[in-house]
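Next, two complexes with subunit A in common: one pairs it with subunit B, the other with subunit C.
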Partner chain A sequence: MLETMVFSTLNGILYGLLLFMLSSGLTLIFSMMGVLNFAHASFYMLGAYFAYALGLHIGFWPALFLAPCLVAVIGALVERYGLRRVHASGHVAELLFTFGLAYVIDELVHLFWGSIPVSYVPPDYMQNPLFTLFGTDYSIYRGVTMMIAVFMFAALWFLLKKTRVGLMIRAALTHGDMVGHLGHNVPRLFMGVFGFGCALAGLAGVIGGPLLNTEPGMAQTLGPIVFVVVVVGGMGSLIGAFYASLLIGLLQTFFVAFDASIADMLGAIGISVDPYGEITGITLASLAPMTPFILLVLILIFRPRGLMGELEP
Partner chain B sequence: MNASTSTATTSARAGWRPFAPWLISIAALLTLPAVSAGIGISVINVIAIHIVFALSYNMLLGQGGMLSFGHAVFFGLGSYAAIHAMNAIGEASYAGEGFWAHFPVFLLPLVGLVAGALMALLVGWPFCRRAGTAFAMITLGLGELVATGTHMFPSVFGGETGVFSNRMVGPVWFGLELAQPADVYWFMAFWLFAAVLAMWAFTRTPLGRMSNAVRDNPDRLQFIGYPPRNVRFLVFIASGGFAGLAGGMAAVNYEIVTPESLSLLSSGLALLMAAVGGLGIFYGPIVGAIAVTLMNSLLSDFTDASVLYVGLVFLAVVMFAPSGLAGGIEQVRQAWHRNELAARWPVWLGGSLAVTALALATILGVELVYLLSHGKDKLAQALGLELDASSPLSWAAVVALVAIGYGLWRATGKYREANS
Partner chain C sequence: MVKTIFNRFAVSLLLLAGVANAAALEPARFALIDPLTGPMSVVGQPALEQLKFTADRLNEEGGINGHEIRIVGYDNKINPQESLVQLQKAIDNGIRFIIQGNGSSVGSALLSSINKHNQRNPDDQVLYFNYAAIEPSFTNERCSFWHFRFDANADMKMNMLTDWVAENNDFKKVFLINQDYSFGQAVSEAAMRMLKEKRPDIEIVGNVFHPLGKVKDFSPYISKIKSSDADVVITGNWGQDINLLIKSASEYGVDVPFLTYYGNTPGTITQVGDKGVDRIYLISEYHGDFTDPEIAERQEQMYKKTGWDLYPRVSVMLEMVKAAGDKANSLDPVKVARALEGLQFESMAGDVTMRASDHQIQMPTFISVLKDNMSHGAEGTDFNFHEVASFDAEQATLPTSCRMRRPK
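This part shows the complex of A and B:
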């Protein structure tokens, strides 16, 4: 039991950190431009595939740095030549644009890399155990992943809070026009933030690809969950997104780990029902994929501004 | 979501003209089976389903300003209700008694309608408090919730394989035994016409007009005494009902319903068709449904990248023609009414040549990449072309086509702006 607890917590935190890496970019983009980027998870997938393709030629570590940069360039181009164009037609048009973009990126991945998973794996030495607890190994790769994630958050915090660019970004979040009047190039700032957000998603793909399988469906499985994180945390709130990521990461991992059915739980409090019935036989594990969406609907009904958000969406 | 065109008044014109589109539609529906040899009657049946689905979606987005990512929930649940009713008809008519023994398969879309509307009635109230991003997110949540939830109730949703049925049961209406797709066509034609007429009539009701108002300015609507939430809720129910009706048509057509029909992919299809056709004009989704369905079914015979092409068309429409295909039709129609057609056609011709060149470049590029990564290319084989992805000549052709298209676009751009 303790073993499951410890490893579920570790895995849940890792999954949560990955989710935050995706949702932090999405939140930044949303609070700055008011556009929910439907293609965000597609950039995450691009990151994984770029790292795989580059890794074949230049090795794992250089690819780890190059792939997010490539994704950033693509993101910036998308903002400059696509999103800026539809911006004039309003928010719905922007959402539609990113929705179509997600479609196209998914299909392009099919086109270039086929529809079966590619074998994107970290180098062999990283499969070795970092430590062994209760007879179960925890691989070096997972440890490194967690370190990269934590390091990235420190860098993100430093960038936003301690640098001049961060100051401009934070100012542009709330007073975009004023920042423009003061002589800063706000559209270029937008492009930069969009690219940076995409790079974060790409980085999540690079380190998450080997953990969660690099296949063309990976954007579709994670995309909606990232939206849940952003909404549950509160639109535009980075710290809210952080808590929501960890919450959903831990919830999902624990639901999978504790494979109890509804009948088991009712039995624990003294009500005995048919353990193989259609409803009472439902296990927590099979509920796991639904939990984020239950959370989303409940939050939007009862607390539309999310955990930490200041504004309703 | 420009409203001006969707509510163009026709009442001022006297005589038969307001009825002309309907009479033409009836004539088209009656003659279609005779001239459909090229695309096949079963494709037309699918188009009929998609038209109703896309129009019901546009009740929300185009007319009510509510962007939904979970519309397929109502479509799918309507489908499931209809297919279970079909099974009930089968069993009851075998036993020879009971309510379902006297229920014709012909009326099954009504079962779908009731199921879709009921579902919308059940879940809609908390959803309709806000439009915009909140509505989009909560419908996305509902869609994913239902789509993942289907796997937990295999007795209702049939697990991965779905629920099967047989449509040749129960009382026969109008001599339609529904054995052949040609029989099903008349069933589809009836329900298509009825549903389109009903949805058009809906836009003329006070509620339909209110839904336009709630899209354009909810605050003002509140001030004059109509709570926007109530209006949204009623529109949501109506739209869910029509989506369910389309689902019922689908159940009769396919005789199988899978959880796929409730998924985000299916919701996306409705959005795609409505947006490609044009959200601001009533008949836009009809045009979009026809175009997208034809593209999907015809292209998939020739190329493996058909979904990519549909996605690219969607992107192009969103970026360059926000009023969709129907917006283009309206432009031509207005120019014709004002006798400006002669002055404008050269520019339009130049523009369409530019688009054609760019489209050809895209297709060639995509198929070349396909050839490189998969080794064979269906489209080139179908056209009898010998594409060579390794030769620089092929890639030069792509570049040349892009250059021609871009040049034409820039050259005609001046005149396009001068004219519009």
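This part shows the complex of A and C:
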């Protein structure tokens, strides 16, 4: 039991941190520009594919750094030459633009890399065990991934709270016009934030690709969950997104790990029902893929502004 | 007026084209309805390529009675509803031979729909050739004259697998992990029933179902296997689900044997490599030893040409349909079906028979285990499956409860 607990916790945290990497960019972009970027998960997918393609030529580590930079450049270009022009036509146009962009990126990935999964795997030495606990190996790669995620979280916090750029970003979040009047180049700031957000998504793809399979459907699988994270955490709240990511990561992993059925749980509180019934026989494990969406519905009913959100949606 | 003239002109053009074409016989077209895109395409694409590869060879030998064999792919995205749309499309395009394999959920939808179509259109019938949807009911209580299965069904495979497990006294604790739908349930149910009968001392320490094709990270399932202390894992997983399961298992250092129905799903060997050696077992119609040089040559060519490994039973299926068409001297679905019933065929994996009573193929089956340094490797590596046990068609067979209703 203890080993299941330990490994589920480790896996849940890792998955949660990956989700946070994705949703932090999304929530930053949303709170600053008011754009809900539907193509965000597509940038995540691009990150994984770029790292795979570059890795074939320049090795795993250089690709790990270069791929997010490439995604950032693409993100910045999209903002500069796409979103900024569409912006004049209002939010609906922006929304539709990112929506279309998601499809375009999906199709391009199909076109370039085919429709079957590519074999994007970390180097052999990283698949060796980092430590062995209760007879189960924990690979070096998972350890490194966790470290990168934590490091990124620290760097993001430092950037936003301790640097001048961070100060400008935080000011522009709430008082964009005022920052502009003070002589800062707000459009350029927007472009930077959009690119940076995309880079974070790209980085999530780079390190998540080998863990979660690099295939053309990866954006569609994770996309909805990232939106759930942002809504549950509270629109535009970074810290909310952090808690929501970890919550969903842990919930999903633990639901699989503890294979109790609804009847078992009712039994535990003293209500006995048929353990093999149509509904009461449903196990937590089979509910696991649904948990983020159940959470979304509950949050929207009972706390529409999300865990940490300040704005009523 | 102008319109009528134009129409007449068009009609005469069509007639001319028809005359020109009459020299060559109309092609025998087959529709493959399988996942050709998305995460499960690793099982649909190799079948499509294999069909085309075999069709090329058969066409050189004159096709079916001089009718050129043509393969048309229809992408069903592994979704039963989408499959029905694609089926309708294929029928509307005049295709009367439907091939499908991946997913008994899809197979079930196609089976009902084709039965219905044939009932409503007695002059225009469709045949369904199934090379991998192995839920037992298709050739038992739900058996149909229009359906032919070219793979051993889940019960037959489990019967042989459990025979083999029963003989091995090292196995005490069995863990079952399967996809949560009709086929996965059938595998798990058969495993429990047969193990209880053959080796009552074996304990089932886990019986887990996970969503079909939805799980990206098998870590939690692996830690369950670990903590159950199992000494053997049995799984009917296929496609991405076997790929990622095996990958996760090797990553976490699970070193118990995995007895799989589909451990040879493309991508698995590449991803697991060394760690799968002596650990991944496969029950299937063939093995990776390629003792026959002609088949070995075919494997080499297939990989060189398409990038996929030889898919023996898909090839055998098309060869058998050709043999039936030749025998019937017709492309009429009913005649082809009658010729297929009871057809004996000398295939690359031994002598096979399409049993007339339930349209379930009777064929030899092998259990093999992953080895390195094989003379003919899979997926361009030097790993492949080496035979450890074989069952001839008589040992593989199981009785059927089918009461076939045939057209008059």
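Quick notes on this structure:
The definition used in the following text is that the second predicted complex is superposed on the first by the 302 of 313 C-alpha atoms of A that agree within 3 Å, B and C clash if a C-alpha of one lies under 4 Å from a C-alpha of the other, contacts with A are read in each partner's own complex, and residues count from 1 in each chain.
Definition applied: contacts are C-beta pairs under 8 Å (C-beta built on N, C-alpha and C of every residue); 3 or more make two chains touch, one makes a residue touch a chain.
A quick note: this is a predicted structure, and the numbers were derived from the prediction, not measured.
In the superposed model, A:261 makes contact with neither subunit B nor subunit C. Touch criterion met: A:228 reaches subunit B, while subunit C stays clear of it. By the touch criterion stated above, A:304 is placed in contact with subunit B alone, subunit C being left untouched.
When the shared chain is aligned, no partner comes close enough to touch A:214: not subunit B, not subunit C. When the two complexes are overlaid on their common chain A, residue A:285 makes contact with subunit C while staying clear of subunit B. After overlaying the two complexes on the shared chain, residue contacts for A:82 are found with subunit B alone; subunit C is out of touch. In the superposition on chain A, contact is made by A:100 with subunit B only, not with subunit C.
Once the two complexes are overlaid on the shared chain, A:113 sits against subunit B while remaining clear of subunit C. Subunit A uses residues 110, 286, 289 to touch subunit B in one structure and subunit C in the other. Interface residues of subunit A, counted against subunit C in their complex, comprise 1, 3-4, 7-8, 11, 15, 110, 115-117, 119, 121, 127, 129, 132, 134-139, 141-142, 211-213, 215-218, 221, 253, 256-257, 259, 283, 285-286, 289.
Remark: subunit A residues 36, 82, 85-86, 89-93, 95-97, 99-101, 103-104, 107-108, 110-114, 220, 224, 227-228, 231, 235, 278, 282, 286-287, 289-290, 292-294, 296-297, 300-301, 304, 312-313 touch subunit B in the complex.
For subunit C in complex with subunit A, the touching residues are 36-39, 41-42, 45, 180, 208-211, 214-217, 219-224, 226-227, 240, 243-244, 251-254, 267, 270-271.
Within the complex formed with subunit A, the subunit B residues making contact are 1, 61, 65, 67, 126, 129-130, 132-134, 136-138, 140-142, 144-145, 148-149, 151-155, 264, 268, 271-272, 275, 305, 307-308, 310-312, 314-315, 318-319, 322, 366, 369-370, 373-374.
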